[in-house]
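These are the structures, in structure tokens.
Both of the next two complexes hold chain A, though its partner changes from chain B to chain C.
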Partner chain A sequence: MNPLHIVVCGSVVPDPLQTLEPVTTAAGPELKNEMLLPAVLDPWAACSLYEAAHLAQLSSGSRVWLVCLGPKAKVQQAMMSLAQKAAFELVLLDGPAHGFADAHVTAEALAAAIAGLAGLDRTHLLLFGGWESASRGQGVTLQMVGERLGITDQFQGVDRIALGDDGSFEVIERVEGGKHLVSRCDGPPAVLGWATGERGEPRNDPQMGMKNMRVLLPALQKAAPVAVSAEGLKYEGVRVPTQQRQTRIVKDMSPEAIAQELLAWMQ
Partner chain B sequence: MATVTPALQTESLRTLPGDPVRQIQWRFADRYDLQMLVQAVREVARGPVARLVAGGARQSHEWTPEKHALLEAFDASGITAAFLDVENGGYLEGPKNLALALIAFELAWVDAGAATASLAGCLALSPIHERGTPEQRAHYMKLCAPAAPGEDRKPWRGAFCLTEPLPYVGVDTGMLSGKVRIAEWKDGKEPLLQVEKRGRFITNMGFANFVTAAVDSGDQRISGSCVVILEETDPGIFDRGAVTRKLVHQLSSTSDPIFSLTVPASRIVGGYTVKDGCIVPNFSHSEIIEAVFRRTRVTVAIMTSAKLLSAVEPVVRYQRNRFRGAEQTTPGSVRHELGLQQREDALHRVVDLWAMGEASAALGFAAARAFDELDPLEKQKDAILAAEGINGGRAELKKLKSVWPAALEHLRRGSGIETPLVASRDVLEREAKQDALARYVLADAVAGVLCPAAKLWNTGLGANAMREALSLMGGYGITEDCPGFLAYKWMDAQLEATYEGPEAVQRRNLIVTMTHDLFLEQFRMWIPEMRKIASRRPGTGACELASAMRLWLWTYEHLRTATDAEGAKLYNSARQGVTFRLADALCWLLASRQQILDVMELDAKQAEAGDAEGTVAFLSDLCHVQAARAAGEAGRICAELVYGYNAHPSWDDPLHAGCFLSEELDAWESCAPGIAAYALDVLQPDGSHPEKAGPCAQCGENAGFQRLRNQLDLCLTGSQLAKDRAAKALAQVMIPAVPDYPR
Partner chain C sequence: MSTETVLYLAHPEADGALSRHSLEALAVAQSAAATLGATLVVGLFGADVRAAANAVGACGARRFLAVQGPEFATPRYATDTAAVEALARAAEATVIVGAHTSRLARVAAGAALRLSGCVDTHAGSVTAGADGLAVTRWFYKQRIEGDVRRSQRPWIVLVDPGAAEAYAKTAANVASEIVTVAATNNRTQTVGLREPGAGEQTIRPEAELLFVAGAGWTRRQKDGQPHTEEAERLILDFVRASRASLGSTKSLTDISGEGQAVLHCLSHLNQVGQTGSTPRHAKGLSTCCHGEEPHVVGWRFIRERRAVNLDPNCGWARGKADVLYVADAFAVMRELNRLLAAQ
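== the complex of A and B ==
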């Protein structure tokens, strides 16, 4: 099996369990107290990182990079957990990570960083990331990074990749109606925007973390500041999706009747 | 009169303090190994542990397969190996006290029984770690290390067996009924020992592969007591015993085991020597447990701290949501948004709870760090003394006492002991050794106080505070459904106040260590330190605390020489009504001081914690609230001790001390009209007097105390304003949308 060079794009987002309240500031929309909230690697990107680490174990000589645009302090905190779950090299672009950044500018910064990775062989490149983001989810950044790097084989909503011995691979993507689309690709380079994948979140292992931190700490220290401006971008308004709560108390209703009612409601 | 007004604080708490804040406060911001450990433990605590508790696992006393699965989670997440040295399968370099404290904190945030289950293994190994021979250390530590990748073995688990059925060892660790005798001793061969021991409330017994058991000699050929290692496969009886029907810490396995086993003498922890045909253990059981408990008690203290801090978020959420969903409570209304937090009392009580939790954690982690500092110094001390042929006992005490002057000088200089510019190598070496020993005795003096203080104050007062926390949840608080498992935590806190030495034992330790000259000298230096902080940050209550510390010191010095109304000496170890209470007062002060120091650390490094200005302001207000409470408690106790042992003046006093005679007042009135109005205790010519217990007591020789007490009361100025500010912040702080456990 050919060695893979897998680059995972992903940033940190506020822990989804926190209260996420959009507010408008002079600098544009933000989440209230965003810089004070605990951060995690974007859950979709995290799925793709775990898949990448798994694939790298299957083919010797493979390398995994996590290219991350986010505030250094926040990324560093997220690494305390992430470093225990998977082995990777970190390239940190120290900049804003909130979900209201311009996807074009973000993609440009990420693509430039990837293009400059020492030792990256583009003929072995699989560009991974999330097809969604917990910060907002336009679902376009990864696609634009791929385009800037000239990668035209792109897959979104990926749940599985199966590598062939000849370097080709098979990708299973989510499509409408709860179905999957199976595609075959001759080989890298390709862009894969992951849905949830099939790997659960690995357990934390501090011993693995200690080992990984020897590589990650210098990368954190070397993080270069990146300006991501949102010039020309204007949001008319932002709000969290409204919740619908319709409670009705019933007694002695059969499961079939409940199912019928749910079905009727959905239709 | 010039006044100092705290700078106007515009920023206050916006979110609950997160990891970056805690890492700075508890001094592990530069330890990524510990930061990762925290994340790993948290994942286990809020995942498998919380799910077990929510699923009702605490309802059974038995050690079930579900509970046992936690041990595997501990192994996989690095919790088990955190105690071990790197050469024995561990991964953390250096002392482990802070690491173990962080593990205890994270697990006890959810369930302290899980924390106990993990730490009891360390407790079993601790006698071997602290006093075992190199061979014993290497053998058992490696056995207890989780299997490395590719290895096919199960790690050993241990239990520490000291406590025995009544009336034997419990509070008094000297009353051992467990016996060790010589079963067989052939010429040129290692002796075989017969160990008989019954244990009570022994943690980890449901699954332990080995036990470190304290036993006394039952044979003339064995001298004194010792700790022996028993293995489950040793010939004889290794009966795990009946499960203890405890109401607390049900995620740990506890039973009353019975052992009757034959083991080789090499199982005596720390080894032995043969003298005149007699086996002399190198360490008695008391020497071993002293070395063990002074460290492991810190982690118990931390368990209760975690409970208090973990209660804040569920209580705030409950208060805010209390009326939501009612027809009368429309979204956007004050009642909808603030719920119970509309009321000052609800907020003030949470502020008190939170302040107590902060102080408790501050004291506990300070104690853990003190032992991290002490451990390498102790090793250095042992090496220096061993090189001089001193191996414990009185010779060691004498040698260490000889460096006290150097240690005091060290303190006064405020820096390392200076060495002469021109000196021979011998002199330099001697001074380096002297320096190391001086540092050791200073660190030991502080650690010796912080450990019992944390164990006593955090757990005892913590249990009381948990009751308060529970009361803030109304009826919900005493249900199994209460978020944060608060009722369980309240019950657990009571156990933490008891095990590894109940409160009386901690007080007994404390009254010895707190009167050590080297501790008192350092305590004296902490008073100006607090004043200095106060001059920079007047809003922290540091000045008030300094006044309380000064009052405590005055009281101690007074009580050392004072006698009661019957002439009996006040400060002596048997008079626990005096000594124990002074120890209680000290604990309040130590916790408050450490809380202030932690916030000052955060203040100095707030840039590293992100946008922490508001957090610092809020935590400073909590310091002030706690300092006022600590000063109040210390002031009350000191006043009771200083005045309370004097006999109340009596109307029958033949000298009429403290009274005026009406005739003399009449005479004075003619010279100074109105003066009689100031006289309270006036005896009439017929001997009648005002109706009260007697003439009012005068401060007399305690005028110094009265002055300090008055100053202390005045120092409370501003403390309630701090409480109001903290309460206001509490009503506005953003909390997570949903609880983060069970996950």
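== the complex of A and C ==
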């Protein structure tokens, strides 16, 4: 099997259990106290990183990079646990990662960073990432990174890739109605935006973490600041939807009576 | 007269017809074009788009453009991106509106880049006024809502289901202008569609009711034992009889993903919520679900909601559901299935 050069694009998002509140600043909308919120690697990007690490183990000579545009302090926080789960090299662009940053500018910065990766063989390149982020949720950044790198075999909502010995692969993507679209591709380069995949979150491996951090810490130190401003984009307003329902709580009804009421409601 | 040209972009389904979601997007495009005083153009791509073009022939479009041929029969990035780019250039579109289908979502961003334009997806609504076009969309997985304007053109906007009432079909035969597409790479071949896992289709986007199964189904019951086999039977019997769509919470699909003997009818595809889908159904019934706001986004777009749960303070239901029945879901579903079977 040919070695793979897998580049994972992904950034940090606030821990999903945090309360989020938007604020408007001179630079546009942001999250209130964003730098105080605990950060994790975006869930779908994390799935793609675990898949990348798994694939890299299958073929010797493979490499995995995580190319991340995010605030250095928050990325460092996320790396503490991530480094224990998968082996990768980090390339960090120090910039905003909140959901209101523009995808077009983000894609441009990521593509430039990937194009400049030392040792990257583009004929072996699989460009991974989440099919959407848990912040902006557009599902457009990865496609634009791929386009900028000239990759015209792209797959989104990927749940599985099966590599062939000849370098080709079969890929399944989520489509409407809970079905998968199955495609075959001749081989890299290709873009794969991952859904959850079929691989669980790896257990923490402290030894791997210590080994990884030797590589990751210098990468964090080298992070170059990136300005992400989008001309022509204007937010009229951002808000938390205030949808509170008056819940009728029914405590003393028998299962039979509840079933009758539910059936009537359903029909 | 506006300087905008609105291109309605769509692809027919396997049967040659446009989906309801695509017809909703047409209504959005029509409304935007009318309010802006813009020209409406229809652009279709697929194996054979004649039936689809005729189905929307009376929508008021000035032109009907078509990219068709066997190479456009199935979704594929290289060919679909080229088709969208060609249609946009032929229409000289400044605003491009389509449904957020998996097929268009795969290629919209790439096409936008080729057109030196911009893209917004998952639009909940598109409003047009004297000051131009605004798109309302969600951020942070339906937890924050924002209104976006862009000056860059062309602007591709993909709308989510439910953004408008579907265009009421008025058929009229039209002669589409055929747009030619430059040859693209042919490194990817579409094999076909595959049903997930066990083969039983439990995800039904068109269903009236979403039934959400929570992790409580796998917990120990009154006798101190879990009853996962009975839970699976009750859930599947209900979904079959009611023709509901089956969703689950993240915790439940994670358990099944770890290979434990739990509910085999569930996969990550059933997952709703922060890292799952946010389906749109008229009604939703949740059972044994727990969790706070981030998890509840899975039924953000469910209009009428009821829940069955043993915890009266359940964060999934209180303030989120219309009715919370504090009861044993096993007993309620057993009875509900009996009533459904007797009908």
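Keep this in mind: the second predicted complex is superposed on the first by the 238 of 267 C-alpha atoms of A that agree within 3 Å, B and C clash if a C-alpha of one lies under 4 Å from a C-alpha of the other, contacts with A are read in each partner's own complex, and residues count from 1 in each chain.
Keep this in mind: a residue touches a chain if its C-beta (ideal position, glycine included) is under 8 Å from a C-beta of that chain, and two chains touch if they have at least 3 such contacts.
Keep in mind that this is a model prediction, so the values were computed, not measured.
In the superposition on chain A, A:204 makes contact with chain B only, not with chain C. In the superposed model, A:20 makes contact with both chain B and chain C. Touch criterion met: A:77 reaches chain B, while chain C stays clear of it.
Chain A has more of its residues touched by C than by the other of chain B and chain C.
Once the two complexes are overlaid on the shared chain, A:227 sits clear of chain B and of chain C alike. Legend: residue contacts after superposition of the two complexes on their common chain; A:118 is shown touching neither chain B nor chain C. Contacts of A:37 after superposition: chain B is touched, whereas chain C is not reached. Chain A residues in contact with chain B (one complex) as well as with chain C (other complex) are 17, 19-20. Considering their complex, residues 19, 74-78, 81, 101-103, 105-110, 112-114, 118-122, 134, 138-141, 143-152, 184-185, 187-196, 201-205, 208-209, 242, 254, 257-258, 268-271, 274-275, 283, 285, 292-294, 300, 304-306, 308, 312, 317-328, 331-336, 338-340 of chain C touch chain A.
For chain A in complex with chain B, the touching residues are 15, 17-21, 32-33, 35-38, 73-74, 77, 80-81, 83-84, 203-207, 209-210, 213, 217.
Against chain A, the residues of chain B that register as touching in their complex are 14-15, 18-20, 32-33, 35-40, 43, 76-78, 81-82, 91, 608, 610-611, 615, 734-738, 740. Those residues of chain A that touch chain C in the shared complex are 13-14, 16-17, 19-20, 22, 29, 43-44, 99-100, 103-104, 107, 134-141, 143-144, 146-148, 152-157, 159, 170, 172-187, 191, 195-196, 198, 200, 231-241, 243-251, 253, 255-256, 258-260, 262-263, 265-266.
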